[in-house]
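Below, each structure is written out as structure tokens.
Look for chain A in each of the two complexes below; its partner is chain B in the first and chain C in the second.
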Partner chain A sequence: MNVSIVPALKVLRPAAMLVIVVLVGLVLGYWANATFVPGDSPEQPIAFSHKIHAGDNEIPCLYCHTQARRSPSAGVPAVSKCVGCHLEVATEKPQIRLLMGYWENREPIPWIKVHDVPDFVHFTHKRHVLANIECQTCHGPVETMDRIRVTSRAVDGSAQAGQPWKMGLCLSCHRENEVENGTDCWTCHK
Partner chain B sequence: MPNIDRREFLKLVGAGGVSVGAGFMLRESTKHPREYLIPHVVAPEDISSGLSTWYNSVCSMCPAGCGISVRTREGRAKKIEGNLSHPVSQGRLCALGQAGLQALYNPDRLTAPMRRNGEGTFEEITWEQGLKQVGDRLDLLRAAGRGNRVALLTTGVRGHLAQLFESFMRQLGSPRLLHYDYDHPHTLYAANQQFFGEDRLPYYDLQNTRLLLSFGADYLSNWISPVHHSLGFGESRQGPADVRGRFVQIEPRMSISGAAADEWIPARPGTEGILALGLAHHIIAEGNYSGADRDAWMAALADYTADAVAEQTGVPATTITRLADSFVDTAPSLAIGGGSAGNHSNGVDTLVAVNALNYLVGNIGQEGGLVFNPEPAGPALQQHQASYSTMLELAEAAHHGEIDVLIINGTNPVFTLPPTAEFESALAQIPLVVSLSSFLDETTALADVILPSHTYLESWGDDFPEPGVGFSVGAVSQPVVSPLYNTRGTGDIILDLARRMGSSSVMPWQSMEEFLKYGWQRIYQRGDSQTLAQGFDAFWTSVLKAGAWGETKSGNTAFSLNPDVIAGIGVAPPEFSGSEDDYPFILHPYLSPNFHDGRGANLPWMQELPDPMTSIMYGSWVEMNPLTAQQMELSEGDLVDIQSPHGQLRVPVFIYPAIMPNVIAIPIGQGHGEYGRYAKDRGVNPIQILSPQLEPVTGSLASSATRVNVSATGKRVKLVKTGGTSRDLGRNIIQTTGGSGVEVSSVSSNSIPITEVTS
Partner chain C sequence: MSLFSRFLDGWRKYRKPGYYEKFDYHWTMTVDLDKCTGCEACMMACQAENNIPVVGEDEVARGRELQWIRVERYWEGEYPNARLRFMPMMCQHCDAAPCETVCPVSATYHNQDGLNTQIYNRCIGTRSCAVYCPYEVRYFNYYDHGWDSPLEQQLNPDVTVRGKGVMEKCTFCIQRIRQAKDLAKDDDRRRVQDGEMQPACVQTCPTKALVFGDRNDPESQVSLSMDDPRSYRVLDELNTDSSVFYLKKVDA
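Then we have the complex of A and B:
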């Protein structure tokens, strides 16, 4: 008896097509998201550039993030702080106009959080700032970034862009600098 | 190229599209969820992100007036603690006070003014609309000389808000300003007036006493100032057994204070005063009182021999004489009375008898005894709250059409008055009922206009605790957060209404804050030269910062008894509503430690907090002696109908060994028909079946004087509770040691063993 697989293939072809299309679609969607919607460097409501402020104009970090030296959180400057300069500076640029829009409507700017540690970690900026640790040690070369991006400090001390903070990275630095109680669980998890 | 027909092509396009989306979302789901950093538009000076700011203020969850410290972050209240520098709370706070946050953040808060429309439902209005409607009516009535047709019914408030209410009503020419709280100790005030000639509460120095006899006062959970009493109790309990204070609790149902006492003595309900006089008789008869008026006392107390009193109270004569002897021998000692003992038809006489006991052993004006408070430093106010009869008069006036406007602030009489008062139908007769409540409680639900107040954490006020702590204390209640909703402070609403009825020349203040500062000027003037040199602003700032103001000026220490009082001493047997045959049980309604008089029932923390004595949460129950339950063949969870001459409730049984067999107890606080999602339709309200039995001197409700019968329904429910069995089951959990020389009282028919009953 002559058996042919052709009829079977004919039947299977639409299903195979479907599988191929779905796989290609999945990869395409995943790639599109990863490329155009970066999670570690989201597009902010105003294209604020740390490069212009902290880099080109050398404004100290603590000038805007005033809370860092006395509070667990570094704090985002109030809209009034931005306006304080930009009533005079670069008033015609489209992004500054955007800023003035928020100001005139008395609305806060909904900045998207980039640097974060989980809620079970008790991290405090105050301790680190008072220990004279450069902001860049943890946040990377912020003064070169047009758009802020997740950065952490690798075990070898270099900044690793796109990598969030992990416990091992905190510990490596604490060990290196022989921080008092720096490896005690309760120092950070309390 | 394979042949694809149109249908096949569309299928593939569809599947491709969906899978691109799925791939996109797959990547998205691996990302850290997006969070925002919302900055201030203009940074407030007192807020540092990530840092706590503490404010001192005053708790308003019950009338005790504890000082509180509230932790706020980024302008939101996060935690309430007791204020360390406030003499009443001294850094401590009860569960209800801690749950004040849930009053602030309660999802059922009234968020804007409302008016009842033609269809009988509430619709939102603006403040201008609401205030205009009420203000115009008040102005009209006042102009027509009919201001006395306005009544203001408020929860018990003190300090400058009370003064504001008084001036407001004076401007209207109305005497109908009523402060009403269910648990106000009317009989205690009357007894102190009769015996001491002081219409104030004295300070009970629990901290320094070595023997406390409490006649029905649950001083650790609800009576007057529980946080302060708990501090005193804790202090007194320090030290070894022969040094520390002993506590004896006399009550028909063991309360938290009873459980904490060294000895719990059940006397027949309403005979607590007779027992006190039995003790007094024994003290005099034994020659332990040597005052000049000894003979007068002996004559007045002739009938109260230990045997006669034992007969009436059910407490063995040996216990009476032993208590009397140790009350004399232990110094300092203190007797307090209140709670259910004061809520009988003989309430005032009972509490006078307790005062007499203190007098005979010289506890008055003594450290560790009873110390008189000085005049409060705040505005001089009429202390009396409206009694049950006064509320009846108000309801009657409303039924006769004599009330045109009723303004209600913070009190909920529809819930806390028995239906026999007919308060609900009285409200229907009043053309304009205005509620200033923060919540839609049972009374507010019947209002015509709701002008919602801030919660206490958002508003200005002050408080001069009553009773004080033996010296003058005051505290300013300041907002700790900015208002969450479109509500206003009670004082601000009243001032606004006063302006609208043309009283701004007499009440010129623009806000409660301004009025408070004006009032505190007078307290500032009392200060020493150093305070005065600083100026008022510095004084004000320091009062707000400290959260308390006080001066070490004590009250009246010399006390001489009016001899006429002695002849009048005597306690009649209590009268009960309902015959013993038809209604064999005495209903003992008690204030829930969680909900107070029901005001805490809308706080989920209080709902889920197990009752300290039974471990039950979320519902109501009736406590019944094991012996009674056995006779009626009832067990835990059996639903029973409790019937009084005036109503009926259905509630599950909880077997409670520490209650007299002929008494059943139901906690007050649950059984709301309104008051938000957490309170509504949960449990029963025993006030609803109380008989209108009065205490004749004060006209207050004798709320412990209702008889009931109990009938099984055959249905049962499972009680929600954390406790398993209350038996030891050989686990040796409860270990006992020998007593400190205390004679073990012999078992009488009223003594209830806590272990298993097998009869």
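Then we have the complex of A and C:
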């Protein structure tokens, strides 16, 4: 008896085509999403540029992120901090008009958090700022970024764009600088 | 420092008997059982401080309660001459802790402050430590209990909210110890002063039956308290070398 698989293939062909089309669509969609809607660098409500502020005009990080030297969280400046300068500076630019809209409506700007550590991690900016650790050590070259992007540091010290922080980063730095009890789990975990 | 030399250092440090007498701090608690009225305020304070969920009646009936400190009741004698004794029982932070040796992933270990610590996100939930603990003070999260809204708003941000499948226990409020050390560093002091920091249970005890402090400081309140002639340790015959001392007058 002759058995052929050709009739079976005839049925399978459209199904196989469908699978291929779906796979190609998924890959394309993933690529497009990663390229145009980057999760590590989301579009902020106001196109604030760290390049203009911290890079070109050399405003110190701690001028706006004042809480970094006295609290665990570095803090996002209040709208009043922005307005303090922008009542006078660059008032005609569209993004500044957007800012003044928030100011006049007395609303906070809904910034999207980019740099975050998991909830089981205890990190305090205060201790690190007071120890004169450069902000760029962990946050990467922020002063060159038009839109803020997650940037971690490889163990060899190079900046890694788009990578979240890992435990090895904390540990390698604590070991290099011989931090007191720096490798005790409860120094960073909670 | 290479990995091997670190290992050698650790070996020299930790394999010597009595290494734990050289802790940076040696956090210790004393419980004066003659002062304890069994009001259970410590249990409530602990629950509020450490994000301990309420498990409900059914779970407690199955022995799955979550309470890092509990007040045990002991009835003595027969009615009408019965007497009730109370004994607050929390993690004893044994310096020779049975639970530490048994953890397969080293989620529980002894740190440089003489604390028996638990790393929640490292724990894989084998519950071996709870089996080995002679004081029965390790508690296991059988479920994600959660909080009814808006109670999740009052959670302590300095303490992890533990998930299902994780062992937890008293930490001597290590988040407060960490904060006190942080403040000490701000003042250019190397050490935390006596009385600067208290766990939630000690802070709330209305009769001041609980005393907490650094045993390495001979002048601290807890050092004086643990030298009291009434002082003893629970299940001392097991040689756990625990860090909680109980004060109790022996009835003649």
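Convention: the second predicted complex is superposed on the first by the 182 of 190 C-alpha atoms of A that agree within 3 Å, B and C clash if a C-alpha of one lies under 4 Å from a C-alpha of the other, contacts with A are read in each partner's own complex, and residues count from 1 in each chain.
Here, a contact is a pair of C-beta atoms (placed from the backbone, for glycine too) under 8 Å apart; a residue touches a chain by one contact, two chains touch by 3 or more.
Only a predicted model underlies this, so the values are computations on that prediction, with no experimental measurement involved.
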{"item": "Touched chain A residues, chain B compared with chain C", "value": "B"}
{"item": "First, second, both or neither for A:86, with chain B first and chain C second", "value": "neither"}
{"item": "Chain B versus chain C as contact partner of A:190, first or second or both or neither", "value": "second"}
{"item": "First (chain B), second (chain C), both or neither touched by A:175", "value": "second"}
{"item": "First (chain B), second (chain C), both or neither touched by A:24", "value": "first"}
{"item": "First (chain B), second (chain C), both or neither touched by A:107", "value": "first"}
{"item": "Those residues of chain A which chain B touches in one complex and chain C touches in the other", "value": "none"}
{"item": "Contacting residues of chain B [partner chain A, same complex]", "value": "2, 4, 8, 11-12, 15-28, 30-32, 34-43, 48-51"}
{"item": "Complex interface listing, chain C residues touching chain A", "value": "1, 24, 109, 111-112, 115, 117, 119-122, 158-161, 174-175, 178, 182, 185"}
{"item": "Of all residues in chain A, those that touch chain C in their complex", "value": "118-120, 122, 124, 126-127, 175, 181, 184-186, 189-190"}
{"item": "Of all residues in chain A, those that touch chain B in their complex", "value": "13-14, 17-18, 21-34, 37, 39, 42, 67, 70-73, 75-81, 102-103, 106-113, 116, 125, 164"}
